[in-house]
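Structures for review follow.
Okay, so chain A shows up in both of these, paired with chain B first and chain C after.
The block that comes next holds the complex of A and B.
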């Protein structure tokens, strides 16, 4: 491949991806550290979440009144929020890693990055809404 | 042939040459599996499965805000034999993903890989040693134990 054609390809790629913002503000090594930290963090908070289901007979613990009581406890609500954030970051970054292993082009990488960030924010927002409403705060 | 035509032909060949892009087929091909490959495959499959479950779980619990009836209706979906079996799979997948994930964190930080050696025939990598294999076995055993415990809780309702 001549240097001219390489330059042309680069320019073509730049034009194709100009609609996507450059979101490479973290190095892959830093992202993997976040992946591991969120994974280990999720292990602890999910363990507490599961134990809360086992402190009484499992079926009883899932009754509406019991679950709402859990949500009204501010510490448990914070625990649920941390589970939501940690697993959303860990899970969607894992999906990003898998998708980037399948194909490596600039447009694909940026598309995948944007997709997982949007999905991550969406699921955190949706779960937070449930926690806030069930906790008793009014959204207006 | 001009250099421009030659470059275009090379470009076209590169575009059409997909022999090195096996994609999902290459990912799932079981013919070349070793221990690391089994671990790689399970880590990704359980990860995707758990992400789908997580999204479903967030959606499922959102029925809380619609009142007791909506919550009971949503809960009924999991209070069946199929629902219990699905939750047992979730328990197994999360245990396997967690334990194997911890092994991978140690591995990626260079722990338990052994000393690098000269690549002699039959080229067994020193990194795939008994420590790594036992780590994977421990993950499978703990996943099985967690699934049995989960089955006991779910089917006895205690």
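The block that comes next holds the complex of A and C.
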């Protein structure tokens, strides 16, 4: 390996580590702003979701056909999607805040940030897939 | 020489009077202790972490004479003077203005010089070093981390117009009473570390600046003479910064000077979120006071009141 290629590799590694260290590319105040907004938003949409359960007897609302019918209603599907996104963002950021207090090393901090973002994206993707399938669209 | 002699005689008379006073006080304490219990048990936390890192912490007990006005610091000094001279205490002013004698008294962080034994209503007084601080010896703790946090928030006014060496004129920075009111209570902080020791977040997160540093960050942020506000916010707006406060409020509960660090933290947070209604109201009032018509109205009101 030439010295140039070694330098390039080093720069790449540096950029990677910089990206990992800047994984929280938002400032903490911006993250907390999102945290509060998603919290209030989740309260609002969950309230609608619970009220929708009460328009018919509670047992009936959880029957298979009724649940699938809910998914087929595009507005209700959007409501479920927004619940999923808001709670995932709010919940995983809350978890991140708790985990950050446990240890104060940089590796831990980066690890927690990456883990939380990956888990959040994973849950949102899985939930969205469920909503789409239940809605009647086939994913290939 | 004459003056020297005079001084010497004065000294001798002073010493005699002191001896007489001591005898009197000894008599009074002995008579009072015999008549009704005027002595209390003092339990002192003992450790010598610097000289002997393997030293096992333990409590030593002392019986100390107590009067109505005796403070915990007086009792500790009594025990140190007459029973065990090796007790480690840090103190200086004895009037709650230096913040040196902070310790955990009966489970609560307090200033020893500011806590009267009669107010504690117990026969046993337990003195421990401040929690969240590393031990040095007995009741003396290491404040280096605490002061490092304090320094990190830049506890000084930064003004680009100030300190210009080429300009010989003295510059003046006006500050209205309304502006002063925004931060006045936070400037009473004596850096005793009681709020830091009471903070549950500091107990788990050592990178958290603590209530003292954060309230000082607000004190300088709110100062109208300061011009480096954005940098101040950057320092505390980190993953272990101001947002890790749980708002337990124990910092405000233990402050001996009546400072409310929790309020400072909440005000700073509102600034970071871009919501600071209370201060906007103050600003509006200020604008009105600058307006001549409003001044005239005020003057008229004052005249009417005088009549």
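A few comments on the model shown:
To be clear about the criterion, the second predicted complex is superposed on the first by the 118 of 140 C-alpha atoms of A that agree within 3 Å, B and C clash if a C-alpha of one lies under 4 Å from a C-alpha of the other, contacts with A are read in each partner's own complex, and residues count from 1 in each chain.
The rule is short, and it goes like this: a contact is a pair of C-beta atoms (placed from the backbone, for glycine too) under 8 Å apart; a residue touches a chain by one contact, two chains touch by 3 or more.
For clarity, every value in this text was computed on a predicted model and none was experimentally measured.
With the two structures aligned on chain A, chain B clashes with chain C.
After superposition on the shared chain, chain A has more residues touched by B, the comparison being chain B against chain C.
By the document's definition of touching, both partners, chain B and chain C, reach A:102. Within the superposed three-chain model, A:29 lies in touch with chain C and out of touch with chain B [touch as defined at top].
Of the two partner chains placed by the overlay, neither chain B nor chain C lies in contact with A:72. The single stretch of chain B with clashing C-alpha atoms against chain C, selected from 6-14, 96-104, 114-122 or 150-158, is 114-122.
When both complexes are aligned on chain A by C-alpha atoms, chain A residues 32, 36, 101-102 touch chain B in the first and chain C in the second. Against chain A, the residues of chain B that register as touching in their complex are 3-4, 6-8, 10-11, 14, 21, 23-24, 27, 44, 47-48, 50-51, 54-55, 58-59, 61-62, 64-65, 68, 71-72, 75, 79, 94, 98, 101-102, 105, 108, 153-154, 157-158. Considering their complex, residues 1-2, 4-5, 9, 32, 36, 39-40, 43, 46, 54, 57-59, 62, 64, 67-68, 71, 84, 87-88, 91-92, 94-95, 98, 101-103, 123, 126-127, 129-130, 133-134 of chain A touch chain B. Residues of chain C touching chain A in their complex: 201, 204-207, 233, 237-244, 272-273. Within the complex, the chain A residues that touch chain C are 24, 27-29, 31-33, 36, 97, 100-102, 104, 109.
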